[in-house]
Amino acid sequence: MAGELSAAAVRTEAAPRSAKGNATAWFLIAPSCLALVVLFVVPIAYVLLLSLTDPRLSIAHYQRIFTVPVYTRVMVNTFVTSLIVTALCLVMGYPIAYVMARRPGWISTLLLTVVAMSFWTGFLVRTYAWLVILGSKGPVAAAYGALGHGQAPQLLFTTFASTLGMTHILLPYMVLALYAAMRKIDASHLKAAASLGARPIAAFREVFMPLSLPGVVNGSLLVFVSCLGFFVTPVLLGTPRDMMISQLINQQIEELLAFGFASAVAVVLLVATCAVLAIYNRFAGLDRLWG
Amino acid sequence: MLPLILAALGALFLLAPILVVVPMSFSTAISFAFPPPGYWLGYYAKYFTSEEWLEPTLNSFVIAFGAMTLTMLLVVPAAFGYVRYRFRGKTLVNLLIMAPLIVPHVVSALAYYGFLGRAKLTGTLLGVMIAHGMLAVPVAFLVISATLKGFDQNLERAAMSSGAGPLRTFWYVTLPILRPGMLVGALFAFLSSFNEAVVSLFIGGRGAVTLPKKMYESIRLESDPVIAVVSTLLVSTVALGVLASLFLRRRSAHVA
Amino acid sequence: MRRRTFLKGIAATAASAGPLIVTDRTIAQTRTIYVNTWGGSWTAAEEAAFFKPFTDQTGIRVKTVAPVSYAKLKAQVQSGNYEWDITAITQAELLRAEREGLVEPVDWTVVKKEKLFPNAVYANGLAYCALGTNLAYRKDKFPQGGPKTWADFWDVKKFPGNRSMLNNAVRTVQFALVADGVPVDKVFPLDVDRAFRKLDQIKPHIKVWWTQGNQSQQLLRDGEVDLIVMWNARASELQQQGHPVELVWNGATITTTMWGVAKGAPNRKLAWEFLQFAVQPKPQADFANKLYYGPTNPEAFKYIPAEVSRQLPTYPENQKVAIKPDTVAEADQTAKIQERFTQWLAS
């Protein structure tokens, strides 16, 4: 009986709207779809076209990317760096999100404020700040001297600096993604575990961590994909050997005017990003990310 | 106890730039030395009197406002259509709307550089508005569709059953309730354009230099602390905004 | 009532949309020219010596766009989207640009031959100044005496310290060759393979490859590096500010910077008016006195005191020990060297 009722309910819900309803829907959606196609998809398609036709019709650019060692290194470096940054963000972000979710009240609000402020301050401001902090005349070098270790080793214009900078900038994304998932974890689960005799650490490991996994995956995905396309920070804080894909694109355009090659590199980056998202979609469903 | 310590360290890590940038803005030296050798307001004066900084600031405001308008005009009807109606091809539409978020900014930047270049729109405010407007669509759509999903359509039905026509219902019932969500969506669109750096670098040219583009060039071309001044002003505005929203939430919680 | 305000709003928005699309016509109407410049101290000196006096005299406004980029010149001529009309460019680069059809021929209806000096015109550009790219270092880091040659720069044992070099392919190759023992008058044609072998030795010791003049000053002034490749006037500026910086002329390159007008630039007529003004003795001397790059107009030296003259790249003693330039050879080899250098940097 209940089944029939609910089936009937489903049927009325799923009953197709009148033709008028459908037309209204399209009327509302058409402007944005049209705008997106003309003003977004077409430019991107143009990049793809350029990668295959500038200066002549060929796949030479793609061959260059995957055979010339310098360029393959850039690709590999981008992926490895993104993985490292994602891992660092996860390790640093998890405690922050945990405290935010489990300790409501002023602590949670304070942390949220710090994260929100960090999030909304553009990445240029933060990159500049790291230039000052890690510089030879900055606080880190001063601390080294004060603690009697003599002159600080070179910190700026190193892989360390650029990785640190990127981690700092992407950390709020990770924290917010983790927090969103952790907030939904019902505290009663942990209480139940405690009432069954589990010590806090065990309860955390066996109950909380697995439940926070969707947040971990979401955050990691967000940070990883953002890091793949990172541009300004590695340029200003790192070394030429750490060149990432976006920097390569910019360099090819700015210095060598190699539109075709730069487009090919851009397409590779785009395909890689889509591939990562497609894998995520296969296992978790893309709407989870923004649902 | 341990999580608290780790969280505090993390928070300190996040705050570090702000703690550095604010004192730097008062520095007297044309260098990156920290702590600054001396303090004065000279570089604040320089920022507020130099055209080369004020023009990009104005440009950024104008572009962000225009982009926000473009985004909202497209997104609000689209959100209504998407959330309230069923139709074939919803997945494809969803993918299309989310596309600017999926595509890395540097790829969009390259795409717009070529596309707007051919339309002779690089280096113009309009060109940057179009690019930023498109890039902000996904974020605004997410916010507004989320608001719509949470909207109780019974209110509309009640109004209509009391005799109000569809347009009056929309104006007097739907819109006021949706207003906070729409404001948040608009704010997100505005901020995403204001803070956007990569696309602006490629398509800004000389006629549409945005504040982030000027800041990027300043880091590379100059070492005077005006960039710290700009950073401090930006951080302060953000801080005010965040505190204001917290305050408002508190008040509405009390009232409720 | 509502409808009227609505229509007014539309009209106002439409009217304000006008300036959103800046056309060449609107720029030409306000009589403004755009100059590509290196930023920082360079632009400041240009403002004082050229732009302000020119605007005072003619009413034509001058706006600057930084930084200088050969690629941008090519991009804007090819696409028709001009960011600037005039650029400061080295002689070799100007020759390259002229060969690629990127430079506007001298407009003799505006520029008067009698007002020019001998050798003022080359490859459709007007001579600007003599610029030195030197070795500079922190005196306080080397109390026993600092490096005197490029071979010394390469000697990390005798002269330890952080190093930075200019991110420019041809300059770097020239310095490597001199460091490897090539005499300064036999540097051209550049033996690229030999240069890169030598460069491999120093690469691990280069902390940063700088691209902007102010950046080089900040690096040396803040002690980020102890030895650096630096433009002579930027080093002199640091000395004037009281920093312990020493400048070496041995093995420096002295290149002539030229003014060039981009082909098809929207304000080219006004541009040539400006350039005619800029090459006169007084403006050239004003520029040299502010930023120690040598003037190319011989008459300008009348206005330059002796102690300043000695520090300019035009000073004979400095020219004697510097690398002998060969503009044509440099123009021939630049593109290939650039590509190899870019790849070498990233590997």
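Order of writing sets the chain letters: A, B and C. Residues in each chain are counted from 1.
In this text, contacts are C-beta pairs under 8 Å (C-beta built on N, C-alpha and C of every residue); 3 or more make two chains touch, one makes a residue touch a chain.
The structure presented is a predicted model; accordingly, all values stated were derived computationally and were not measured.
Ranked by how far their CA centres sit from the centre of chain B, the chains are topped by C. Between the chains A-B lie more C-beta contact pairs than between any other two chains. Chain A and chain B have Cα centroids lying 17 Å from one another.
Averaging Cα coordinates per chain places chain B and chain C 37 Å apart. Taking each chain's centre as the average of its CA atoms, chain A and chain C sit 39 Å apart. Residue positions of chain A touching 2 or more other chains, listed in rising order: 135, 137, 253.
Looking at chain C, residues 222 sit in touch with two or more other chains.
Annotation for chain B: residues touching 2 or more other chains are 31-33, 220. On the side of chain A, the complex with chain B involves touching residues 14, 16-17, 21-22, 24-29, 31-33, 35-37, 39-44, 46-47, 50, 92-93, 95-96, 98-100, 102-103, 107, 109-111, 113-118, 120-133, 135, 137-139, 142, 168, 171-172, 175, 225, 228-229, 231-232, 236, 245-246, 249-250, 253, 259, 262-263, 266-267, 269-270, 273-274, 277, 286-287, 290.
By the touch criterion given at the top, residues 17, 19-22, 34, 39-40, 63, 65-67, 79-81, 83-84, 211-212, 214-215, 217-218, 221-222 of chain C touch chain B in their complex. Those residues of chain C that touch chain A in the complex are listed here as 69, 71-72, 74-75, 162, 207-209, 222-224, 338-339, 342-343, 345-347.
Interface residues of chain B, counted against chain C in their complex, comprise 31-33, 66, 117-118, 120-126, 129, 205-207, 217, 220-223.
Chain A makes touch with chain C in their complex at residues 68-70, 73-74, 135-137, 154, 156-157, 239-241, 243, 251, 253-257.
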